[in-house]
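Comments concern the structure below.
Chains here go by letter, A, B, C, D, E and F, matching the order in which they are written, and residues are numbered from 1 within each.
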Amino acid sequence: MKTLRRALFIGRFQPFHNGHLYAIKYILSEFDEVVVVIAAAQYNYTVENPFTAGERVEMIKRGLGELYMRSYIIPVDNIPSNYLWPRHVLERTPRIEVVFSNNKLVQELFEAYGVTTKNTPILPGVSGTSVRRLMAEGGDWRSLVPRSVVDFIEEIRGVERVKTLWGLAVKIPGERL
Amino acid sequence: MKTLRRALFIGRFQPFHNGHLYAIKYILSEFDEVVVVIAAAQYNYTVENPFTAGERVEMIKRGLGELYMRSYIIPVDNIPSNYLWPRHVLERTPRIEVVFSNNKLVQELFEAYGVTTKNTPILPGVSGTSVRRLMAEGGDWRSLVPRSVVDFIEEIRGVERVKTLWGLAVKIPGERL
Amino acid sequence: MKTLRRALFIGRFQPFHNGHLYAIKYILSEFDEVVVVIAAAQYNYTVENPFTAGERVEMIKRGLGELYMRSYIIPVDNIPSNYLWPRHVLERTPRIEVVFSNNKLVQELFEAYGVTTKNTPILPGVSGTSVRRLMAEGGDWRSLVPRSVVDFIEEIRGVERVKTLWGLAVKIPGERL
Amino acid sequence: MKTLRRALFIGRFQPFHNGHLYAIKYILSEFDEVVVVIAAAQYNYTVENPFTAGERVEMIKRGLGELYMRSYIIPVDNIPSNYLWPRHVLERTPRIEVVFSNNKLVQELFEAYGVTTKNTPILPGVSGTSVRRLMAEGGDWRSLVPRSVVDFIEEIRGVERVKTLWGLAVKIPGERL
Amino acid sequence: MKTLRRALFIGRFQPFHNGHLYAIKYILSEFDEVVVVIAAAQYNYTVENPFTAGERVEMIKRGLGELYMRSYIIPVDNIPSNYLWPRHVLERTPRIEVVFSNNKLVQELFEAYGVTTKNTPILPGVSGTSVRRLMAEGGDWRSLVPRSVVDFIEEIRGVERVKTLWGLAVKIPGERL
Amino acid sequence: MKTLRRALFIGRFQPFHNGHLYAIKYILSEFDEVVVVIAAAQYNYTVENPFTAGERVEMIKRGLGELYMRSYIIPVDNIPSNYLWPRHVLERTPRIEVVFSNNKLVQELFEAYGVTTKNTPILPGVSGTSVRRLMAEGGDWRSLVPRSVVDFIEEIRGVERVKTLWGLAVKIPGERL
């Protein structure tokens, strides 16, 4: 069996949107498999991170459809040390050749390990922040998200959750109570 | 789209062996999808836990073959509180209906959450401990492990690692130095 | 012995004030016992959390007077996962039927466990933030706090501490040094 | 108001038994109030620590009866550093004068902080270990435990839990799976 | 051998600058030895904390030159509890008599342990923040830092790192992704 | 300034003994500087780890004498992941070329990072375990430890501490209470 060529792709996926899917399709046009790392896995039910790691896993698998056969989806907690973080990610993921990220710090941190990094193409105007804002303000978030992910978010009443969190954030920054 | 029926299956997978595959095939004969939870994800390079979480993810995907399309593979760290642990697992996994485990404590802990638990059929004589012992002592571990997983373990020189750790365990119980 | 009807009440109690006492009296008019959870127990000597968990325990017991016989006072650390947090609280508290809180997120998180939540009546104009501000700025905080708690705060020189922390916050947001 | 004289008493209370009650009565014959610290609060559903912190709080309050009015019950997690541990306890408890313990290490650790320590009188033959063993083996544990605590343990089906854990311990030392 | 008189000096040393050296020389004119504590040791590759603990150790030893023979350099992680923190520092450092700090909270926290605290003389206009800002904006940071530390920072390409982080901070406050 | 050649040496130093000094002298005959890592820094007042990290720092500096000018002494906590651990050590230490250790696992873990490892010469019959046993049993431990370290241990009444802990270990394995 020949060795599979594999790349890593990191995001928070709050929620999984068309920009993520676009990037993964691009990566899978160049590599055999992609390892999708869900960062900040320990956070949930906050303004920035409304969905749990498990919900994010489920929406990504749905969003990937048949591409899932060539993908891994791995939740990884954030840790305090940036220097240590790439090794923490690599501890929990299959062997990879390249890391795809447009974040310059992520690139630098992985390159310190001798891992090659590359930019991903982006869809203008689509970001997790913009999707959450549209959810909170009653805008058209559905057109920015794969159809199967829209269904999932509605099944778990995700829009109501984002709205609740959005309102609280204004009054209670930082701490829960 | 009809709701998928999904079950949870938990193990340490040190390494993934024929008994695990047998149980997962059984679960997938009853359910649409299976969530494979890699417990004790934070441990590695010890006698009981020689392989990293990432290596375990990779060997399970290989071992599952086509069944992977109906599976999730999620590493989850152990935590000190047993009472809290099922919720910690559910936080990081897609929604499930049933937990498969032959461990009576695991069953009791999940049932305290109202989750149904079931026993899995077992292959006599196949366990992680027996596979690691055969590796360490030069016995026939290959017949207890799927062919693709044998290949993977040899690629990463896993037998040498188990042997090194096995020897150290006798001399240095508990602490690294 | 008949089963006691018990409710949970959560706050940071920085410090315990008349609004807290008012809510607890209301809860004890409906329930046999109240479990008072001190949230954010691990924080102290900060602008938002000037008092240690132990100091908060002591001031609440004093403030409750004879009502203490029907109360529990339990410090609980904050944890990163909101989804996990209600179970973390329930692990450390006696069995309860209802959670009292006016915080919509707290309500939602506990209801996801099947726990009923209710609003508490509030005293207008009394909050931990307003008491701390009055302490820092030399205003009349004493009228917002039970007499026995005023005495306690003066015994431990609490006002001086709040003033020191208040000044530092302006200059050194976030980190200690 | 004169200052209350207060002492600290530490145990795991797995479960609360007549020896604990005997020691607390003795302490309250000398001091105005006692602070009962539940050590190892984060552990539960194990052979050594079958009951959760919340269950231990509830059984101690029941066992104390009217003495509760002069008591505090505070769960405290274990931490890795023994040197740091007394300060960790004092952070979460009201001010105390004396620590009661028959454990020589506990005495030494607190004395390093300038805290006086004293021995408690003991009831021969009564210990947490002996109570749990009698539970597991079907012996007469009820005579070693206050009547109200017996009732509580039966309400939560505690004996069945201890039996389940006792059996597992033989087969699975150390790790959950 | 007579007992050495020893003092503690705490900073983040991001990076070690002339103000730090000035304070240490002052301390060593009064004491036999100085314990230099690197606070916030677990943070690195952030705007406020660009350098790792190991890099900070190396630059401080270089900056001290011959004074190193009378110095200790100890990295210490931040912890959530301010009340516990001085004991956490003392656990990891040799015995000291006095803590030097101009931070009023640090003074108060150590004095609660009975440790004497003193102010250090300061060099006007030199602070970690000002040095990092000059690095990021292409200003003259070299004149504020000992020559040997300038060399070290250039060897590890520290200015480039500070510039990368400075830019990201504007766009991505708080979280890595 | 030419680049210094630097090596890493790891131990628990419970306590620092002649074998450690012998190894460090050997390393400093080949390298310009040595980084002495105190492993298991978070443990203290246990049978295996009687001395705090700070006490170990102090005894090592004393034991090194003039060699200290060419040495670093860095306490590092143990972490659960062996795979991550070398990076955790390197985060907190100056840049090094070689790691000296006779432990085969330590060698393998560092070599996975591309770091060269070498064996150290050993003094037969001298180990931390043997020194602690002699302390506990009233034997001649002083001849196995540098004179200045003997003095330090006596100043802090270290032998009494080891004896207390030794006795407790027999009765209370594992947990503090």
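Assume contacts are C-beta pairs under 8 Å (C-beta built on N, C-alpha and C of every residue); 3 or more make two chains touch, one makes a residue touch a chain.
Everything numeric in this text was worked out from a predicted model, so none of it was measured.
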Going only through chains that touch each other, what is the minimum step count from chain E to chain F? 1
Equivalent of B-C within the choices D-E, A-B or E-F, defined by over half of its residue contact pairs recurring: D-E
When A-E is set beside D-E, which has more C-beta pairs in contact? A-E
Copies chain A and chain C touch via same or different residues, half shared test: different
Cα centroid separation between chain A and chain D, in whole Å? 45
Centroid spacing, where centroids are CA-atom means, of chain B and chain D in whole angstrom: 36
Scan chain E for residues touching two or more other chains and write them down. 44, 52, 81, 83, 91
Based on which chains touch which, is the overall arrangement a line, ring, star, complete graph, or other? other
So which chains end up touching which? A-B, A-C, A-E, A-F, B-C, B-D, B-F, C-D, C-E, D-E, D-F, E-F
Spell out the part of chain A that touches chain B in their complex, as residue ranges. 1, 41, 44, 52-55, 57-58, 61, 68-69, 72-75, 90-95, 148, 151
Residues of chain A touching chain E in their complex? 10-12, 39-40, 48, 78, 80-83, 85, 103-106, 108-109
Would you tell me which residues of chain A are touching chain F in their complex? 81, 83-84, 87-88, 91
List of chain E residues in touch with chain A within their complex: 42-46, 52, 161, 164-165, 167-168, 172, 174-177
